[in-house]
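For clarity, chains are labelled A, B, C and D in written order, and residue numbers in each chain start from 1.
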Amino acid sequence: MESVCSINNFVQCLLNLGIAPDLAQFINILLGVVLVAIVPLVTVIMLIYIERKVAARVQDRIGPNRVGPYGLLQSVADAVKLLTKEDITPLGADKFIYNLAPIIAFASVILVWAVIPFTPLHVGADLSIGVLYFMAVSSIGTVKVVVAGWSSNNKYALLGAFRTIAQLLSYEVPLVLALLIPVMLAGTMSMQGITIAQQGMWFIVMAPVAAVIFFIANLAEAGRAPFDLIEAESEIIAGYNIEYSGFKFGMFMAAEFIHAFTIAVLAAVIFLGGWSGPFVHEVPVLGFIYLGIKTFIIYLFSLVLRSTVPRVRIDQLMAFNWKFLVPISIINVLMTAFLLQVVRALGLAPDPAQATDFVANLPQAVILLLGNLVVIGIVLTMIRNTGRRQRLEDEARHAAALERELERVSAPAGD
Amino acid sequence: MAVLNEWAFIGVFFAIAWVVPVLPIVGARLFAPRKPNPLKQSTYECGVETVGDTWVQFKVQYYIYGLIFLVFDVEIVLLFPWALAYNQLDFFGFMAGFLFIFLLADALIYAWRKGALEWV
Amino acid sequence: MVPLWMYLAVAAGLFCIGAYGVLSRRNAVAVLMGVELMLNAVNINLIAFWRYVSPLNMAGQAFTAFVFVVAAAEAAVGLAIIISVYRNRRSVIVEDVDLLKW
Amino acid sequence: MIELNVQTIAFLIFAACILGGALGVVTTRNLIHATLYLVLSLFGAAGFFVLLSAPFMAAVQVLVYIGAIAILIVFAVMLTRSMTRLRDIYNRQWVMSAIAAGLLFVLLMVGVILPVWGVGGAQAGREVSEVVASTAELGTALVSPNQFVLPFEVASLLLTAAMIGAIVIARDDE
């Protein structure tokens, strides 16, 4: 047993080989980093293929099918193409900063993976502030936009950068507010801790509103459709990365794809129980598979969303965030906090000893779910009423315009 | 010490995360052709030379959004320790958080009524 | 662990560089950046003392949190004033803003 | 004198970030570059907070300073863009300021820090506790009536007031 070297006893294994403890520790960390970093790097190659296939199917096309069997090697061909493209730096660009931007873009996305728990045993770094770490790292993403937009020396790049920043900043507010609720329920900010707290009951049952807000705000943060104004080709050409070409542009693209996948993984970890599933404690590797399945379901959902929902306008985007998502998130936080107090006062809160038990969590979950359903009901009613009013106004305006037009046309005939 | 080990992991990850994107960008220099000429390197603005300064004047609305965001960000970040300790808080703790969020909502309502949230 | 005085030395250096920036720069935005540097030096001091002197008392961390709040408020209002001044006088050079001077 | 381990190396790297970034902020002509130097400096401070076992503060530092305040400064620089290429970035009293700042540093180091906390100083031999309060305890302290609940609410009020004031000042309507 001891002679077998695996990830779990790697340090011990190195020590047996006679390597100094510090060096063994360092090699262990390095290996862990490489393993964790490989996951998104490998998946991104698959993701580009999957994304194109799914988008094609939704649009009644076939999608990539020439390179390799079923077009599976399409992404490799893309990468080779990007690698051999000329890398143009515009005159007047701020060279150092210009080259820094794609690197920041990529690093800020991939760094999130350090705190993702893959199985009950395997997590890169189980930070005590995991959730905030994710927020902090993704807020570095705004810096890349500033840097790219400013250093390109291009009006469109700068305008696109400003729009992008406005979008990224705005949607961070509901995102953080939505993250408060899992933290409140789990009593910890560590990603592993949040996953363990969901052993009994997934947080999507207890906090569906927060889950939906989290997902929507994350879509906007990643610049995915319907929030892809960041690269609205028809309006601002390509946004902040317009002047980038060759593999630097490829880095922006790869970062975007990985970001889309990262938000799926985060939603799976924070709201869908991460690695939890049957027999996961006996066979930890199963956790990786469960997490993968959950992630891909969310990812596919975002792909279908991308192909079906039209892009929103910038003023609609801002209004949707500040006048819809933020108020709902605030109400949601207050309601959850209040209901948790009620649950505690009624003595229905699960005993910490039975936190992983489904039945023990049931009363609390039912109360929270009811609260969430009430919020959803009120919100939907408000949307319906507002929509109806707006439609009536529009119709009245149209009718009035039509009448004026008819009068104008018929008046000369009467003379 | 164990906690700092986790951070050592983040530190190494940080270094790797910067190296990984640099490699293909530098590697591309080996394969990619490099034939720069002034026309190619001009900025991509509908084929016309850039007129005037690149730094066009911006709407102050961008700043207003940034400002509201900053205030919200700081407030919510202060709420995280509160949410973290929520299981140990009594009703007073809830009320303290409620008042805090209420003041935050106040600011939002003010900005809304003032029209600071309108894009145009 | 690294001795406390080294943290304090870095914080003192940061504070003095920030003070130099505040006193010598002409652009009001740059002056504000200097103020941010000084506030950061204060934060480093607070956290360093908290860690080395009373790590079980929350006062150090709570103070830092309030410094963050004040820094945010200062940046928001300060930059708004700079923008307003620029709109009215087409300048953000601190010497040009001298209406109250005689 | 000081053993060279991982922590010390990390300390030196972060200290270089902080001081180098700060020098960049006060000496760079281009204000966007200065803002990026500011980001570097703030990032180094976040690293210090991690080394000092206050990871929550490190996250707040990155989130608030780099993610929000630095971006806001960029906005302000862009909005006042004609001011970014000044011929003189320093005013007339810059020599005096440099002397004053240098003297202040010497005074702080020789007068306060080294005699009290330096090697052989009055407070140098203090035991450093290995146990550190957690972020959850900060949460309890912030809303506990015996500790910081009043400053906590006042902080919220201050931010609300700051936001209202800034909106009124910055908007160019009416």
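Here is the rule we use: contacts are C-beta pairs under 8 Å (C-beta built on N, C-alpha and C of every residue); 3 or more make two chains touch, one makes a residue touch a chain.
This structure is a prediction, so every number in the text was calculated from the model and none was measured.
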Of the chains present, which has its C-alpha mean closest to the combined C-alpha mean?
B
Counting C-beta pairs in contact, which chain pair has more, A-B or B-C?
A-B
Just the number, please: Cα centre separation of chain A and chain D in whole Å.
30
Distance between the CA centroids of chain A and chain B (whole Å) is 14
Separation of chain B from chain C, taking each centre as the mean of its C-alpha atoms, in whole Å
21
Chain A touches at least 2 other chains through residues 127-128, 132-133, 158, 162, 165, 169, 172, 187, 189
Numbers and ranges of chain D residues touching at least 2 other chains
7, 51, 53, 55-56, 60, 63-64, 67-69, 71-72, 75-76, 78-79, 84, 135-138, 142, 155, 159, 162-163, 166-167, 170, 172
Which residues belonging to chain B are in contact with no fewer than two other chains?
3, 7-8, 55, 58, 60, 62-63, 66-71, 73-74, 77-78, 80, 83-86, 97, 104, 111
Provide the full list of chain pairs in touch.
A-B, A-D, B-C, B-D, C-D
Any idea which chain D residues touch chain A in the complex?
32-33, 36, 39, 55-56, 58-60, 62-63, 66-68, 70-71, 74-75, 78, 134-136
In their shared complex, at which residues does chain C touch chain D?
1-10, 12-21, 23-27, 29-30, 32-34, 36-37, 40, 43-44, 47-48, 50-53, 55-58, 61-62, 64-66, 68-73, 75-77, 79-84, 86-87, 90-95
In the complex, the residues of chain A that touch chain D are 97, 127-129, 132-133, 135-137, 139-140, 142-143, 146-147, 150, 158, 162, 165, 169, 172, 187, 189
Residues on chain B engaged by chain D in the complex (per definition of touch)
3-4, 7-8, 11, 53, 55, 57-58, 60, 62-64, 66-71, 73-75, 77-78, 80-86, 88-89, 92-93, 96-97, 99-100, 103-104, 106-107, 110-111, 114-116
Quick check on the complex: what are the chain D residues that touch chain C?
2, 7-8, 11, 15, 18-19, 22-23, 25-26, 31, 34-35, 38, 41-42, 45, 48-49, 51-54, 56-57, 60-61, 64-65, 68-69, 72-73, 75-77, 79-80, 82-84, 86, 88-91, 93-94, 96-98, 100-102, 104-105, 108-109, 113-114, 117-119, 121, 124, 126, 128-129, 131-133, 137-138, 141-142, 147-148, 151, 155, 158-159, 161-163, 165-167, 169-170, 172
